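One chain, chain A, links the two complexes that follow: it is found with chain B in the first and with chain C in the second.
After this line comes the complex of A and B, so read on.
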């Protein structure tokens, strides 16, 4: 019986050259920054450089020439596109996101509390979804092919397929209005008030986001734990006579921190994708509903800010999740 | 539970997922394509009071304007299913093509292609669609194009991965060296081997296309009123959910059945692919 140390498969081996992984990381990050800049170019181009006559689009077809000319000057549309982009980008990077065309107030002020609201929504669902997915993933992996495992897999297959607003509406029907009227179907609260003062209004949107995230995430955890459990490393640990639960919890769960960070970034990204629709469904005053009302009122600065914010955060979360899974090999599709 | 494989060729093991999935999709497609001809009333005629309860001529009651829910349900699937199918097909075909190009190209070209795809992937599909619709208007062709565009990076990645291992094999290098055309190499060697994962991917893309397009209509930036559309019906009738839930639940269930069916087909095909490649999970 050898006494050599057995390394769990979750720990990555060191690169053959010192600093090679760090160099690769820097390369990836550099590439990521390039993409972020490209995202800003796309957002700017579509909303400001592409449209033929932006002031007319904003003011409507029966606006007179004087108003259109005034708006054109106000928005700085008479300057060359590159100069417009650079001044816009400069503003974004220094926190000046322009002035809302709808209310006349600075965009940062209009969006400030909405960002807080959306962030609260996503964070609460993350705080529930990540531990829940870990627990469910480990339990179903340990009791593979049992009735509970199959039932949960079937349920997740069904729920994952549903578009977010379908799931949200079903929850409203089940828990909000028709079957069991427990929670308010709308999550409207006065702007400027803190979202956690209205816990009942948060339940249904948080539940929608959490279910969406958990049904996706727990399967990643499950297959990762199954891989570890099936590995020779665990067979060896079992042969050594270690008891079942000890094997599971001390050896099959590597560093809980890294998978938790990866899980969080995945949940964040999944929630961001559904944020616009879910906020609209529940009339929740966040960035997503600001985006759709900005479209309706042609409030270009707010539209630019919302899209840029959502896309940048989405990209950063996905990049973090990608980097972590490439390094630690978790949840490869 | 699964039927024995019959003879040579690619016959599929009929698991319960495939059976349920195909049934669900068929039922929804029948509803979407044949439904408009079976509608008892017009979709725009006001026949009762707003949110009126079900009665003998209108089994699901009336919607926000007093129109018959049954007729609107029967007519509301056509544009959604058509647009979603086109978007999924377009996204899969174009994405596969890009993936094949990336797999056979030099590492530099491959890296450039991947970076461009990363740019598209940076946007959640709904946000990308809203960005263009905000400026250019809610035209069906634009929506289909953007949703298809949203699919291309993921499909390209998968095809690039699957084709990459084939392209690097010796006989492909030999075929290239004797001057065989790239398109011949692709059609004869590569494409038959990637069909299975591609079919799985198409199922998933169909599911997400329906989700995105229905969500766009729900937000008001897809199919426009007074047209009948399942996504639009949900947003129109949502306000009276407590008194007339049927006007919302019916389109919700129709969308749900379609997306679940597409997901089940993708799952069933994925299991079949995994089995034929000798791995089981």
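After this line comes the complex of A and C, so read on.
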């Protein structure tokens, strides 16, 4: 993933010539495709190395050798691995993600509604988490070392150290089942329905993801705002007699926002991976639960599609973060 | 795959939250609606949860036999015969079956007036087509291995309601085989995309790994279901399903691990459905490799087992002690052999006679069903007393299955009637005979039982078979496991079921509106 590493803001600011950003974007896109190709090769190689015979995994212990071999033929698993990979790659290049080996359905059909569900979940969380982190970060930076700041810092460190499922389980017990049953403890959207038709069922998973994101992001904002507040031009602004909130939100925040944007994009992408845990906990029909069942049964086409989706999301998020950083950097000059 | 520490953390989290809430929750009065109305009410949507994945299948014959696949297919389709809640054979799509004198030509008489969901008549052609579909040369139907004794060309439609089946070898318990989960009957023109069957519910929608919707079959030959709609909902996590039940998002859940049964039964508003079954989780010793090729070592291992402790710990007390032979609920009664109990001194003596003192072996297990891992752990502890070191190798299901039937010592689980299991797990070369046990006396008795059509004579043979099994087989059958499900108090009509499939029998279930 080295080609998609975050570009420091300083580099972006140099792009003063016209056309350079477009060329840069083109280069990045090319690099991204190379990375996705490499990821697909690695995933395929790993699935080949994994123990476990796919027809046996699908049919279970009740099957005898005759059925196992019949299924092996049906799935085309008797072909050499290279041929299997190339035929999959050929399909992907023509827009066909293949057929799920487990359910025999097209991968696009298996994953389509799940992708929508998962992205809805992450997007709503991020729409809450990012502004909330900004506000919390600025406010706690302004009241550095106050009781509230310390309490929130302590809480966020503890929360961040918890595995996702512990936080999720706590929330389920607190708000879903036992203490104060306000929200449905799991998310059961009938397939074909859109997730936002069931806002109550989204509350707990969104809350879990949001708390995980905010406790991390707000600390980044806080520390960069603190850095900015200590800088000379803020001192100057204060000496000139500008009001506290104006200094804070008009002068300090814009300069502190770049690292937060970059971190947000990473948090977004990481959330997609973290969904495996969250979705199992909340029985949420998304990409994460499909990924874990694809791994368990070695359903290579579904596995490939999930991993490529996550890799592509990382790439897109990084690119957007870079573009935004460059944009903010430009505006600030 | 180290699940235990994770579970531990989750438990801690739950306990922390419970402690936090102790003052609040402790004040709440228990809400036991004991005096619920006993008059069944019709209508409503019953929501049933079971463990499933994106690999679910709705095909009545081609599926992996997962709990949720069987739950769905049993609603849409019927078998020719079925075990009731007491494990007694009942007639379903078949009304009777009779054999020739040698038990190798069977005539199936079908129920008259049964219709498929699309209104067409059910008949002999559908039974013929189903058998041929299962036995097709390129078929991946798991049922094929159960009925390989049927010659596909010898399945004949005699008239609309009569089928004649010619076997390649005698098969006495022929009516019993048709109870099998893989041998449901589909229409001759079956289309998996539009699964039309004869069952109590009619297909409406199905998406692997999520929710399926079925509606009541008002014309069901066995009596229409009381609820209007049935939703079968996939859960990949047992805790999530129990949470959904607590939160009122579902009405019934299949998955209550035995370790959580006690805590679930104490939740106000929930009822535990505790079924005693003939499922067993044996410790299997490969009788064709050292050290278990020596009968003395096998007997020593059977004497090492403290069965009550295995039931109490591995099954959390939800089970009963067994005696190294299978076939609980057989109509034949029990063989005349004493209950085997732990005898460490005798075990040590046998091991020493076999030159296997200080034996050290590995036991293979996986999280296949409740108690599989725990049984291995408890047994390993018990073996220490006899100077035997057993290291527990708890592996991912894929790794376990990769070497299935090759582990020298492993844990497995089975459930079925005696002669079915005898053919599969005890007969020389049986498809699931993971012990590779080959006992000429047992095989001869089994073959005799298969040819015998007089039930009383067959029972006498069956008892002899169990005696041989008790003395020599490679399975330590230490206990019978219960199956525990849970449901909300607004659900009525669920009854414990000796097949372990209580949740599959839904026609008599109704909801308090």
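Keep this in mind: the second predicted complex is superposed on the first by the 219 of 333 C-alpha atoms of A that agree within 3 Å, B and C clash if a C-alpha of one lies under 4 Å from a C-alpha of the other, contacts with A are read in each partner's own complex, and residues count from 1 in each chain.
Rule of thumb we're sticking to: contacts are C-beta pairs under 8 Å (C-beta built on N, C-alpha and C of every residue); 3 or more make two chains touch, one makes a residue touch a chain.
Everything quoted here is computed from the prediction, not taken from an experiment.
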| item | value |
| --- | --- |
| Which of chain B and chain C A:35 touches, first, second, both or neither | first |
| Touched partner set for A:67, first chain B, second chain C, both or neither | second |
| Chain B versus chain C as contact partner of A:280, first or second or both or neither | both |
| First (chain B), second (chain C), both or neither touched by A:157 | first |
| Touched partner set for A:166, first chain B, second chain C, both or neither | both |
| Touched partner set for A:310, first chain B, second chain C, both or neither | first |
| Which superposed partner A:137 touches (first chain B, second chain C, both, neither) | neither |
| Chain B versus chain C as contact partner of A:178, first or second or both or neither | both |
| First (chain B), second (chain C), both or neither touched by A:195 | neither |
| Chain B and chain C contact sites that coincide on chain A, given as residue numbers | 50-51, 57, 163, 165-166, 169-170, 172-173, 176-178, 181, 185, 280-281, 292, 294, 296, 298 |
| Of all residues in chain B, those that touch chain A in their complex | 17, 115, 118-119, 121-127, 130-136, 207, 210-212, 214-215, 218-221, 231, 234, 238, 241-242, 245, 248-249, 252, 255-256, 259-260, 262-264, 267, 281 |
| Sites on chain A touched by chain C in the complex | 50-53, 55-64, 66-67, 70-71, 73-74, 100, 102-105, 110, 113, 163, 165-166, 169-170, 172-174, 176-181, 184-186, 188-192, 280-283, 285, 289-290, 292-294, 296-299, 302 |
| In the complex with chain B, residue positions of chain A that touch it | 31, 34-36, 38-39, 42-43, 46-47, 50-51, 57, 157-158, 160-166, 169-170, 172-173, 176-178, 181, 185, 223, 226, 272-273, 276-277, 280-281, 291-292, 294-296, 298, 303, 307, 310-312, 314-315, 318 |
| Chain C residues within the chain A interface of the complex | 6, 9-10, 12-14, 16-18, 20-21, 24-25, 53-57, 64-66, 137-142, 144-145, 182, 205, 207-211, 213, 233-237, 239-241, 243-244, 246-247, 249-250, 396-399, 401-402, 404, 412, 431-432 |
